[in-house]
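A, B, C and D label the chains in the order they appear, each numbered from 1.
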Amino acid sequence: MNVNEATGTTTATWLDTALGSGVRVFDLGRPLYRGMPQSPNHPPYWHTLPRRHGDMVRADGGSAAADHISLGTHVGTHIDAFSHVSHNGLMFGGVRADEAQRGGSMSSLGAETILPMFKRGVLLDVPRALGLTRCEPGYEITPDDLAHTARSQGTEVRQGDVVLIRSGWGEHFHAGAEVYTGHDSGVPGVGENGAYWLAGLDVHAAGADTIAFERLAPGQGHSLLPAHRVLLVEKGVHIIETMDLEELATAGVHEFLFVLSPLKLVGATGSPVRPLAVVPGANS
Amino acid sequence: MNVNEATGTTTATWLDTALGSGVRVFDLGRPLYRGMPQSPNHPPYWHTLPRRHGDMVRADGGSAAADHISLGTHVGTHIDAFSHVSHNGLMFGGVRADEAQRGGSMSSLGAETILPMFKRGVLLDVPRALGLTRCEPGYEITPDDLAHTARSQGTEVRQGDVVLIRSGWGEHFHAGAEVYTGHDSGVPGVGENGAYWLAGLDVHAAGADTIAFERLAPGQGHSLLPAHRVLLVEKGVHIIETMDLEELATAGVHEFLFVLSPLKLVGATGSPVRPLAVVPGANS
Amino acid sequence: MNVNEATGTTTATWLDTALGSGVRVFDLGRPLYRGMPQSPNHPPYWHTLPRRHGDMVRADGGSAAADHISLGTHVGTHIDAFSHVSHNGLMFGGVRADEAQRGGSMSSLGAETILPMFKRGVLLDVPRALGLTRCEPGYEITPDDLAHTARSQGTEVRQGDVVLIRSGWGEHFHAGAEVYTGHDSGVPGVGENGAYWLAGLDVHAAGADTIAFERLAPGQGHSLLPAHRVLLVEKGVHIIETMDLEELATAGVHEFLFVLSPLKLVGATGSPVRPLAVVPGANS
Amino acid sequence: MNVNEATGTTTATWLDTALGSGVRVFDLGRPLYRGMPQSPNHPPYWHTLPRRHGDMVRADGGSAAADHISLGTHVGTHIDAFSHVSHNGLMFGGVRADEAQRGGSMSSLGAETILPMFKRGVLLDVPRALGLTRCEPGYEITPDDLAHTARSQGTEVRQGDVVLIRSGWGEHFHAGAEVYTGHDSGVPGVGENGAYWLAGLDVHAAGADTIAFERLAPGQGHSLLPAHRVLLVEKGVHIIETMDLEELATAGVHEFLFVLSPLKLVGATGSPVRPLAVVPGANS
């Protein structure tokens, strides 16, 4: 029998509490399909079905189909490893990027080093707090916006939390890559100051409903990514992008158990993921 | 504030219980890397780093690296969608395989239809219960073995559980594909009877520490897969393969919160995953 | 010593004649690069450099770099195998498409069955003969146009020739996929009648400077491809697409040695190629 | 009418000579298929058929199938670009490897810079001249062996020729990767001295029937490749590998027109090819 030595709680009791009266699981991952919105800087997601039912039929009438997928690790809903970004040649913890990447696989800070997350999560629904449908294209979400949102929601951000910032941009996902990536219009998000605000609260990870997490100025593309530098290089805070935060926002759920389990892609700079937000209560 | 209407429990209280005194998260996923053991029937896992730090340096000194991955969906630790296997041309629920697969993407029962799992999980450590280091190559784990294991562990299998069956074969993962896939020797696992035993208990999903979940007879390869037929086609029970159950077994943890969140690969027949087993208590 | 028994010509003499006073080699292949114009129906061309110089340095100071490429077989300059197209379920020679393709590889008529070509080639420069810069978008090149072009050039089309039809559309290649594929505007080319005219002359293969060889009506995409049916399914004439015919046209070369050597891609429906047109005289 | 100004020869006359009494085309390319012998250092060749006949049937009864291929550029029969190998950081002509490869694509000496070959070719059938079935595993073919072979065949090697060196190892291609790549046994071929002998004759390119062109010592793998350094880095002579020279050798053809047309893979370090050897006389 498993007993938590600190509390004397058995796993059975704990499970009864966690699952006993049902849970509602919010799916924060976007579907992956050919032609989905993604950055043109990354290898395109491509799924095919090379083996089909009937190609080979076993003696007992059984048959199987199987896929091939080809993709970048920063497409779809995904998490950035610390090896994704460097500044003046150095990655998080002062690791030299040129040495780590020699050989074509990250010998330090690869995606396999991202720990699975089973953490308190909070949603900061910025447009709702600001009385908007969604933030304007290219709008920089400020520390004041974040603090105001947390206050108006009654949500405390604590050390070790995973903080998800809704800009409202996620509704554009189904409008195609042109609109969602905001190449011309820009995309809303936090900037350098918002990143420092998050890091100052010692959060574990931060996510958003946009393709690059942070604000993209109109017509600038990905030419400057200061929030990536602050979070990934200076402070060691993982970034999660292209999340689906709409159902969570609609349900008004601002506090939840956040679960994320990246694939252990050895030496990679990120991983596609399907994060979950879990609250007590039966699935609706 | 979120309140579970059935119990009056707030999310805050629930989170305090779930996370308050710490959790231990067991990682049940294998690392993915070039040359890892996988079935030769599926496209090989291949990771490369097409963009490296220094390739393009932004005005502020920032730079990024990014990957390409190419793989089958049945490589590494993975879950089978119901569209993976058919019997006499029909998939689970009587869906016609030829119609579902037309166009090269599954229009029914694709990987995007696998619900995330946040369930009670149990480990049946068969070799431990049988007094063995590991089951013999090609050994068929019987319903009696499963029942005996559950009994000797004091573990009850309940409706809706995710049941993980340890054969001990997982230790061979690092010995390479030849040994792990057991091409010549065979691989231990449940057979048709074991599958019916699991389905009879109405479990939600079943997993194992081997490449094909079920027993492979010596020299037979994948020529017959009766447990796949029973679980995927007849009974609608998902199968999880190539799991790492060693740490869980060593710690003697037989009951846990099982979390699995497959990628939403639209129209695919499976997904790579990194499942977690969570118990109360700090990570060791 | 090799001697042609029919003529007594030795290989040495033949080579002296063929090469003795120099040859000019026209390159009819388009470059392959990320983002090049290609049909969205086919897997995108993607080149990366997973291994770079310096990743691994040998004891003597040597190092190597190496690539990965991923592509459809109908991207860039390419040739269609007879297995590419079927009509009412049948391919060339009455081969059943469903049987040939079972298993995910063509057991008949695959790209490996395309014989290398070392043939007389002719260019029919249609816009030049019609007094145009290029044919209009969506214009159907008629048998009369083809006959008029051959006559005005003084070029005889003979049995066994490879006939290259210039529409002038090739200049759009560098204008990007939108323009080159003519999604909205349509693309000029032969239609059903032009295909029968070519087949009636018993040519070996036919090529063009467009993405689909044949005329695409404005706004119709690839919804009907009658010339493909005539040439690939009914008559057994290979089709070569996305050729660069500009240099040949500018030089006024209408008759040449045509050389094409498709990759022996077993079971594939086509192959990327780099065809050559060779004439006597030094390279300019 | 095209006239060679030096000789007054018309293209028509030239074609009559070149093609008039028939040609025999020897195919020097190996088939590409899943599981073919290739170096484990390069991305594996993988062909699938993502679109099949019947997936989408056009209004007129037409349907199409199409492929996806994924491969390294140094698999199957292929040619090395000068950007493939560097020595002490420099490539052919003193080009700095680190600068050329920045950005993940070769900005100098890429595969697109390899000119198509339409050249005199010679076969040096070393084992035949030495009275052997094939050279011993790991045997280094010396300059004396090459000179002796040329002499005994009565074949002169001239400036600008493409020289193909048969070791007899090609027969092992169908025995699988283990045997063909000679991981344990070593593979015969020229070494540093043979490379200097070839370069001293100012040949245009050199090819062989083995996976690495040059001799591989038993158990050494690719740890030292001096002939690559001499030919690719110092002398600017292209290398062609994994050729099929068996039919040519059996026919006793030692002099021929050699044709090779690499794909214009921009920025790549090599290209798969299907080289041809052409002689007068009808195909047998």
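The rule is simple: contacts are C-beta pairs under 8 Å (C-beta built on N, C-alpha and C of every residue); 3 or more make two chains touch, one makes a residue touch a chain.
Listed by chain with UniProt protein names: A, B, C, D = Cyclase.
The structure presented is a predicted model; accordingly, all values stated were derived computationally and were not measured.
Asker: Going by the touch criterion stated earlier, list every chain that contacts chain C and also contacts chain D.
Answerer: Both chain C and chain D are touched by A, B, going by the contact rule given at the top.
Asker: Report which of A-D and A-C is connected by more C-beta pairs in contact.
Answerer: Looking at contacts between chains, A-C has the larger number.
Asker: If more than half of the interface residue numbers appear on both sides, call it same; otherwise different. Which is it for chain B and chain C?
Answerer: Homomeric contact, same residues on both sides for the most part.
Asker: CA centre of chain A versus CA centre of chain B: separation in Å?
Answerer: 23
Asker: From the C-alpha centre of chain A to that of chain D, how far is it in Å?
Answerer: 47
Asker: Provide the C-alpha centroid distance between chain A and chain C, rounded to the nearest whole angstrom.
Answerer: Result: the chain centres lie 45 Å from each other.
Asker: Residues of chain C touching 2+ other chains?
Answerer: 43, 46, 48-52, 54, 68, 70, 104 - these are the residues of chain C that touch more than one other chain.
Asker: Chain D touches which residues of chain C in the complex?
Answerer: Interface residues on the chain C side: 1-2, 4-7, 9, 11-12, 14-15, 17-19, 21-23, 25, 27, 29-33, 41-43, 47-54, 58-74, 76, 83-89, 91, 97-98, 101, 104-106, 112, 115-116, 118-120, 154, 223-226, 228-229, 252-253, 255-257, 259-270, 272-276, 278-282.
Asker: Sort out for me which residues of chain A touch chain C in the complex.
Answerer: Touching chain C: residues 43-44, 46, 48, 50-52, 54-56, 70, 102-104 of chain A.
Asker: Along chain C, where are the residues that touch chain B in the complex?
Answerer: Per the touch definition, chain C meets chain B at residues 46, 48-50, 52, 68, 70.
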